[in-house]
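You will see subunit A twice below: alongside subunit B first, and alongside subunit C after that.
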Partner chain A sequence: MTTLSEDRATAAAGRRPARLRPARRGSADRPRRSVLLTVLTGLVLLYSVVPLVWLLINATKTQDDLFDSFGLWFADFSLWNNVRDTLTYDDGVFVRWLLNTLLYVVVGAGGATFLAVLGGYALARFSFPGKRAVFAVVIGAVAVPGTALAVPTFLMFSQMGLTNTPWAVIIPSLISPFGLYLMWNSAAEAIPEEMLEAARMDGAGEFRTFFQVSLPLLAPGMVTVLLFTMVATWNNYFLPLIMLRDPDWYPLTLGLNAWNSQASTAGGEAIFNLVITGSLLTILPLIVAFLFLQRYWQSGLAAGSVKA
Partner chain B sequence: MSISKRAALLRATGLAAVLALGLTACGGDSGSGGSADAGSASDVESALEEGGELTVWAWEPTLEDVVTGFEAEHPNVDVDLVNAGTGNDQYTALQNAIKAGSGVPDVAQVEYYALPQFALSESFADLTSLGADSLDGTFTPGPWSSVQSGDGIYGLPMDSGPMALFYNKAVFDAHGIAVPTTWDEYIEAARALHAADPNLYIANDTGDAGFTTSMIWQAGGQPFQVDGTDVTVDLADEGSTTFAQAWNTLISEGLLAPVSSWSDEWYQGLGNDTIASLAIGAWMPANLESGVAAGAGKWAVAPLPQWKAGESASSENGGSALAVPEASEQKALAYAFLEYANVGDGVQTRIDGGAFPATTADLESQEFLDKEFPYFGGQQVNQVLAESAANVVEGWSYLPYQVYANSVFNDTAGQAYTGATDLPSGLADWQAAIVEYGDEQGFSVTG
Partner chain C sequence: MAVFALVFLAPIVYSIYLSLFRDQLVGGNAFVGLENYQEALSDAQFWSSFARVALFLVVQVPVMLFLAMLVALAIDSARLYGSSFFRIAIFMPYAVPAVVATLMWGFMYGTRFGLVGNIDDALGVDLPDPLSPSLVLASIGNIVTWEFVGYNMLIFYAALRVIPRELYEAAEIDGAGQIRIITAIKLPAIRGAMVIATIFSIIGSFQLFNEPSILQSLAPNAITTDFTPNLYAYNLSFAGQQFNYSATIAIIMGLITMVVAYVVQLRGMRVGAQA
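Moving on, here comes the complex of A and B:
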């Protein structure tokens, strides 16, 4: 992502041009707002924010306060204790899970995005026999939920001796049919055929055309794909559940569940406060990633509208 | 955790179970040899001297100290203690590993109800020749019979869960209600408590297979009879019916809190005086101390209420054994660890950590019996619990596919708790599901 610069992104053509910005301007011109719409948006906002607020508030509570105090307000503030306990519990296994998750996201989601860009570009800009068949397969693959493939994948991987290794999580994450479809669309809309012709006329090879001309134009679409493959990999639960047995390779999702189920076993130690604080720590990197990458995303959209 | 995820998990467990049974049906082509070559008692000694690395799958928290002690005593042995999941999660992983033929641990923790499934498919090694045959009388009868299947001994009991009535004494006293000694009195107490305060329930229950089987066990029922692959199921025998009718009264009168055991609401209810008692295994003190700190000084332990006044029948609820998977290549060394943890010095380590042992010597030791529990207001609760361990009704057995059976309990018998049917017919539905599945799996099931 470091090759992206604001300038290049600004030059890019967005996938969804024109409509967003003018619509916003228009509403500023009209002082009367729809009360109904405001209330509805407010409700949706509340609906999506309340769980976050709950998590934030309850991460500051001790286990006893979790049960005794009102759920949507603070009790004794022990967030720092909780964070410290979360990071050090069981010899700091949480940190290990965090690093595992990062590995799966960087290699898995990063790889998925890269492959989607390559494939999407090729499908959009080259014609070759069987393209329609590829299209049908991709669309079909979008419709198959990953969960349905997890068990067959497990059986296959166990024969290849890949289960219980990080590869078992990374390799299936590398494939994102929906990402490919998005990049395909994005490449078809964002890269003007004339530009490629110009590049070819100037003697650029296919590789140079791709990396120096097309890739910058694809930045907004790429960020979109990167964002949602990242979220998918970060939140991946079922696949690692089936593939991994060694807690040393768990991602955060499995680790938190293991902590949570400790409470439901004879002699197990209930650590609800650590589960909640751990959940908060787990979503923080995603929020940061969204805020950071949104900049590129939005500038891409805006650039599109200017061009239009 | 969403229902669909849990359902998916259960399906995965079921699938794994099918695979494991399928493996047995194929015969001895699993490559790891037959079950006869587990080794002898002298092999255990030499294995300890030679040393090596052991992988242990267990979720029991006190085992960490046991491993430390074991490694200190046998510096040549390196034990890798792995928490591969709790209960069903771990069984799924274990079945998958056994099926895949790689990554199988040398020692695995398995609850008593799940052990027959692994024993029958010979996924676990028979420990008889390694020295388990000399352990008759070492363990209390309930757990000891639970680790045996046919002529084999497929694990050593790690802990036990003789049932008792844990009750919130403060709540019972506040309402002037005596501790029930029979289930009839218990129902009366349930009515009185709920009438005095509509938020107060004598217990919670939304359908719990483990609890139900333990209660039937205490009532003298023997719904599951197993002889090799011949299985007889009768969830309408006298004991089962006694329990089902009494419990149906509690359900139909709305006297049970609609809270699932082990949920966070459950822990909350136990702490805020809205769930007043638990009929549960003897391992509960450690859970109360860590999960229900607010109940300290309020709770006490009484013998399990009886079906006939004056009796002292009891049953086991939960508890687990350590077993050695057949695929382990270090069975002798693994057995040495089992012996240390479940018969040797490890037992005291675990008692100190709050576990409830299965060894008669420890259950009868004065130090154990006299221990005062500050959480229970200084009560010597081990006296009640050890008494219960000695009075466990004999003759109980679980199904060779109890993990699956328990997983469909809520779809069948559990319907009684939502008012869709009554408990006796719910149990009949459960029986039908058990028979159908068993037949599909190649058992010959009567019922």
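Moving on, here comes the complex of A and C:
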């Protein structure tokens, strides 16, 4: 635990990236690398990566080649055609879905992170009657699966006339019990009491302390929460599925599924090549985000799970 | 906190309220007490879907967690070439939406232009169709495993990193082999992470919805409207308009999930205390 929180502290101060592998390199005995073990783990790696490679390869194929050529090798290269067709099919509805998804992600995940930071900080810093009860509720809420709430939420929202509007998707995404829990933890650990004392001595008010002292220390945890709520919102399927009827408000996930099922409806045009290319375009931004923000989510996830 | 209440507490209260009523042809919306619960508990469709996710749970979760554990131990052992590459690549599927993962695997399963079809053609064999009714549950298990192995692996790995390295050195001086170090030091040390991962996986299994729902358009015969409890509840309220009964099913599943998760946690903690 000590190495971890030290790591996070240093990362917060911006001196050294918080990688999860300190200490090992310098330790006295450096184990020999094993080819056998590498190969065995490589099998799992293949399992993880081959489907993605399949997706990438098949995004370059025309619909005919999809049926005719071998799945794990290239046929005629028509990726750019596919991308163009995906973006322009049905008056560019894919772009519309992409913008919807961005809206849900920015407002939903952004809002969720904001609330988690505020709530987590408040819960960690201030004591008030009933704090233990709040803690129990938050932990309980982490365990309540989103899908179990979705149907009741739908029924309630339809009473309130909120269904089929973007709000129906955004409002439930605003709450992330896991994010709240994670921020609570990191606020309790990453901010030394003495620093807050010092800030108060220097005459900083509660707000000034929060923004100038605490917030920078919370940055790594914040990025983690943001990343995970982003993934959750970007990948959300069930909630929009029940909340939205109008394809104009669909996020990408629903849109892709609609394109796919189009083939099995009577008179529907099969557009499997567009489904595959669309899938590729859908996952690219997240993969890029994960690759670039590695050091954050790895240390953040560690902090959350270890503590629990 | 107001948003929290609106999104979390209100739906729970509202669905409990719903579950106590019933829309009747005669007399409209009437209070029926626990009748909906009685009906659900003697509903063969509900129990068959429940049995299906229970089977899924006892097979898929151990396989996935075991695999995740092996990879985490391998990466942590520092005996791999390029271990950080392994870590990231195996985690990547987590970033893939369930919709895309399911479509992708669904296509690959396909005998027409999927990999299964390719293998059939290339080797002249006739592999069983992964989307047939008897195999579709295993196929879904494979998709879910693929999505979450990396995630669980990272949780285990993070817990392994926290173990002080001196312990290993001390154990080696005492003459312990690698296997002994794993069973005596590493596994007990990450018990907490294992309990967490198990609980999350149990919740995920009981609430299985996305994968079967999406596969339905690729395998309409294999996946019935009551394939999993969640799918059943969804179809009850959206195709059947039976909102009250659907809310009842959702509550029962929620309760079962909570109880099982709680029992796992208690057991995990108690064993931990003894060790």
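By our rule, the second predicted complex is superposed on the first by the 262 of 308 C-alpha atoms of A that agree within 3 Å, B and C clash if a C-alpha of one lies under 4 Å from a C-alpha of the other, contacts with A are read in each partner's own complex, and residues count from 1 in each chain.
Throughout what follows, contacts are C-beta pairs under 8 Å (C-beta built on N, C-alpha and C of every residue); 3 or more make two chains touch, one makes a residue touch a chain.
Note that the coordinates shown come from a computational prediction; the quantities given were computed from them, not determined experimentally.
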Counting only touches as set out at the top, which of subunit B and subunit C does A:Y237 meet: first, second, both, neither?
both
Chain touching more of subunit A, residue-wise (subunit B, subunit C):
C
In the overlay, answer first, second, both or neither for which of subunit B and subunit C A:P51 touches.
second
For A:W167 in the superposed arrangement: first (subunit B), second (subunit C), both or neither?
neither
Give one of first, second, both or neither to describe whether A:V151 is in contact with subunit B, with subunit C, with both, or with none.
both
Once chain A of both complexes is superposed, is A:Y89 in touch with subunit B (first), subunit C (second), both, or neither?
neither
Is A:F114 contacted by the first partner subunit B, the second partner subunit C, both or neither?
neither
If I apply the document's touch criterion, which positions on subunit A are contacted by subunit B in one structure and by subunit C in the other?
66-68, 147, 151, 154, 237-238, 241-242, 257, 260-261, 264, 272
Contacting residues of subunit B [partner subunit A, same complex]:
1, 5, 8-9, 12, 15, 59-62, 82-87, 89, 93, 96-97, 99-100, 102-103, 159, 161, 261-262, 264, 267-268, 271-272, 281, 283-284, 286-287, 290-291, 293-294, 318-320, 354-355
State the interface residues of subunit C toward subunit A in the complex, per the touch definition above.
1, 3-4, 6-8, 10-12, 14-15, 18, 67, 70-71, 74-75, 77-82, 84, 86, 88-101, 103-105, 107-108, 112-115, 117-118, 122, 146, 149-150, 154-155, 157-159, 161-162, 165, 169, 172, 192-193, 196, 199, 203-204, 206-207, 209-210, 213-214, 217-218, 220, 230, 233-234, 237-238, 243, 246-247, 250, 253-254, 257-258, 261
Of all residues in subunit A, which touch subunit C in the complex?
1, 3-4, 20-21, 23-24, 27-35, 37-38, 40-42, 44-45, 47-49, 51-52, 54-55, 58, 66-68, 70-72, 115, 119, 141, 143-145, 147-149, 151-156, 171-172, 174-175, 177, 231, 234-235, 237-238, 241-242, 252-254, 256-257, 260-261, 264, 272, 275-276, 279, 282-283, 286-287, 289-291, 294, 298, 301-302, 305-306, 308
So in the complex, which bits of subunit A are touching subunit B?
63-64, 66-68, 147, 151, 154, 158-159, 161, 163-164, 237-238, 241-242, 245-247, 257-258, 260-270, 272
